[in-house]
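Residue numbering begins at 1 within each chain, and the chains themselves are lettered A, B and C in the order written.
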Amino acid sequence: MANVSFEHVRKDFGTATVVQDFDLQVSDGELVVLVGGSGCGKSTILRMLAGLESVTSGTVRIGEREVTHLPPRERDVAMVFQDYALYPHLTGRQNISLGLRLRKVPKAEIDRRELWAADILELDPFLDRKPKHMSGGQRQRIAMGRAMVREPAVFLFDEPLSNLDAHLRGQMRHEIARMQRRVGTTALYVTHDQMEAMTLGDRLVVLDGGRIQQVGRPIDVYGAPANKFVAGFIGTPSMNFLDGRLERERDGLVFVCDTLRIPLLGERRPDPTVHSGEAVTLGIRPEDLALAGAAGMGTIPGNLFLAEVLGATTHLYVEVGGRRLIAAVPSGPAPPPGGVVSLSIDHSRLHFFAPDGSSLLHDGHA
Amino acid sequence: MRRAAFYVVLAVAAATFLYPFLWMAATTFKSPAEVGALSLLPDQPTLDNYRLMWARAPFGRALLNSMLVATSVTLSVLVFGSAAAYSLARLRFPGRGILNAVTVAVLLVPAQLTLIPMYTLIVQLGWVDSYAALIVPFAFNATAILILRQFFLQVPRSLIDSARLDGMGELRILFTVFWPLSKAPLAMVGIITFMGAWNEVLWPLLVVRDEQLMTLPQLLTVFSLGGGAGPRQLATKLAAAMVLVVPVVVAYTFLQRYFIESMASTGIKG
Amino acid sequence: MHAEARSGLFLTAPYAVFLLLFSLFPIGFSVVLVVLKWDLVTAPSFAGLDNVQHLMADARFWQALVNTLVFLAVHLPLQIIVALTLAWALDRPLLLRAFWRAAFFLPVVISGAVVTILWSALYATDVGLINGLLARLDLGPVPWLTDPAIAMPAIAIMATWKNVGFYVVIYLAGLQSVPRSCHEAIELEGATAWQSFLHVTLPLLKPQTLLVVTLSTINGFQLFIEPYVLTGGGPLRRTLSVVLYMYRNAFSYQKMGYAATLGLALALIIAAVLVVQRRVIGSAEES
């Protein structure tokens, strides 16, 4: 058990910088998810912590120990890989115990840990098969078992679920969360899937271009994204963005985008330093748009051109003044495609971004 | 009917390749009077040809020499060659690019170019009439390294990562993770290397003069150049050739699929 | 990573030393030897371009080159035709298919020394198997290895017999990669099997043919054990090969400089011939 810290960590590959100025403190027992698109540096960070990739500059610590230049085997970390990385010529049991045997752990202790992992992960039915005779989910469990029995200071997960089908992915997600909580080991989890990121982590680290964009509890990141990248990256479907400017009118601020005028009625409004006439981007999550019964004050008129019924929710694609907005509404009788609809906005949940992308909220969320 | 005729033609074609070997085997058991005959069954089977061959030249010793040389070369190419191939494929170190480029370039150089300089080198090293002269110049093989490197490149990186986290060093990763995964290319390299070393004639003819150190094909060549061309001598030479052929044919019978695929896919002939 | 770089250097160091000593040094030294006169016993002396001048005027060297061309003139067409025919015969559902393939391939795995000795028996004028067969057909004994006009073609036939199984496997793989739809398409055009072979199969086998020509050519220039054992280069030096001549210069006459000059010349000639062949076969493709 240990906390993990990165201080000013930087990684260059040749002339390309893939991670820069990375600072992160992970407390003992915490599960932190690193999320971002491909090439954002998330896997590189994990591999630097494991010792599989050298650190160009900065410091990495596990517990009180600086590990920046230690080889992998001296770091006391275990990793679960995207392709499981099981040794194809060994059975599940041999795969699980190999690391312990190499470390000369006594036989009785290996057996004890094997039983323990088999019990938590329900491995028994396929423990003596070779990987090629296991299903994807079974391989994944063996890979997790192999990490568990090491009883490492830190667990590392490198997109462990991305090779599984959707159904299994949901199941294994719970499995990983349950295992990590039960074992109580500090864990770092890398994914590009924001669903995993939202549901698994105690905290999220959103990365882009090798830099941290935001760190926080999933709900806080979702509710108050620090910038336009985070706002667009977290949440499905993505947040709607409208580029426009603010104007001050008699009864308050109005967001103006071409012919569209949205009066800002709720308590969420941009930072008071933003002056009338300045360019801002308004962000509205799809679920904060709803079908209004009739056109009226504060509603947005538009043309519905597609309705995707997903089940409980329906995604409405609405054209508003040449822009497409997506609204996520409860399924129910909806107007036919091609018809005119009015959308109402939850004014208490608007987001504002400066032209450089940074959040302009001033109500303390940001 | 057409089908039957096709098989007859095919059988004649196959006989063209097989019959000479059968005839050779049969002839070694024939008395001089029968050597010229086409039949495969000797009227009076005799082991005289083998006795004569065995008495005239140290073929037992040559068999041991050939086994020692071919085995050493093969083991070296597999063990040291795969270590080099593993590094060239999967480790980052200064000079890797140059080493990879030289490995490819060396393959393009015809053997005739380096034969004489190599010979002078062996003479200068004082290795004439030594096993070193037969083994060391073949201890590595650029073709083998490229075949293994190509295969090693396809092993997922996560397996290496995982093995490193499990606490393995690079040699251990090579032998306990990569080798079990690479049985096919290792067998392929093993077969072509062994066959190459087993059948090589020109090089031993240059660097070995001591009969006690000669390999089988070399001793066979030297032996058959001496002696006359009469029926008795012919049968004796063929008996000597049998010592070289029988182990190969036995191995080939059981492993012919691997022999054919290995040789055909690497473009190297025996 | 420091550890990784250290491991990499450690694991490749023996190979790097090997390359330097047994590949790069001999390549470099081959050029140096050209200007040396050296018997390996006394100290080498500088010989300027003596070796090159000698080579230019050396009738034996030119004879050896002509002999190689004679060999190739028989060997290449024979090799291609026989290999293609046998591969074509095997490219169908067959009883014992693995057996036929293995039978054709057997001489490939047998040492050249053995094949040569075996064929010395087959070619023997009085007791040889081939003349024995011919006698049954009332055909007179052919002096295979003693007639200057026949000896080299006889060696070419033997080399074809030894190697053809290898090329059968190569052509067979090529044939099996020709899509069935190609044959079906031309059959629908009303082509006969022969036309289909000529217009579809053969052009599609160009890469295999190039490989066969390349490897057989290299093989032809490497001819050594065959003339060494069968004929000693005779009769009338009509089977003397460049490698055999090179071997004698090094081993029997102790002329290292001249032997290396022969090696260098041979390497350059091989390279030139391969380039020309590649051009010819490549341009045939475009036309």
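In this section, a residue touches a chain if its C-beta (ideal position, glycine included) is under 8 Å from a C-beta of that chain, and two chains touch if they have at least 3 such contacts.
Only a predicted model underlies this, so the values are computations on that prediction, with no experimental measurement involved.
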Legend entry - Chain at the geometric heart of the assembly (C-alpha centres): B
Inset, instruction - Considering only C-beta pairs in contact, identify the chain pair with the most of them. - result: B-C
Inset, instruction - Work out the mean Cα position per chain and let me know which chain is farthest from chain C. - result: A
Legend entry - Separation of chain A from chain B, taking each centre as the mean of its C-alpha atoms, in whole Å: 58
Legend entry - Between chain C and chain B, distance of the C-alpha-averaged centres to the nearest whole Å: 17
Legend entry - Euclidean distance of C-alpha centroids - chain A vs chain C, Å: 63
Inset, instruction - Hunt down the residues of chain A that sit against at least two other chains at once, touch-wise. - result: 71
Legend entry - Residues of chain C whose C-beta touches two or more other chains: 1
Legend entry - chain B to chain A touching residues, read off their complex: 156, 158-159, 161-168, 172, 177, 180-181
Inset, instruction - In the complex, go through chain B and note every residue touching chain C. - result: 6-7, 9-10, 13-14, 16-18, 20-21, 23-24, 27, 35-38, 80-81, 83-84, 86-88, 91-96, 99, 102-103, 106, 109-121, 123, 136-137, 139-140, 142, 145, 169-171, 195, 198-199, 201-202, 205-206, 216-218, 220-221, 224-225, 229, 231, 234, 237-238, 240-241, 244-245, 248-249, 252, 256-257, 259-260, 263-264, 267, 269-270
Inset, instruction - Flag every residue of chain A that touches chain B in the complex, lowest number first. - result: 47, 50-52, 71-73, 77-79, 81-85, 87-89, 98-99, 102-103, 158
Legend entry - chain C - residues contacting chain B, complex: 1, 4-9, 11-12, 14-16, 18-19, 21-27, 29-30, 33, 38, 40, 86, 89, 94-95, 98-114, 117-122, 124, 126-129, 132-133, 136, 161, 163, 165-166, 169-170, 173, 211, 215, 218-219, 221-222, 224-225, 228-229, 242-243, 246-247, 250-251, 256, 259-260, 263-264, 266-267, 270-271
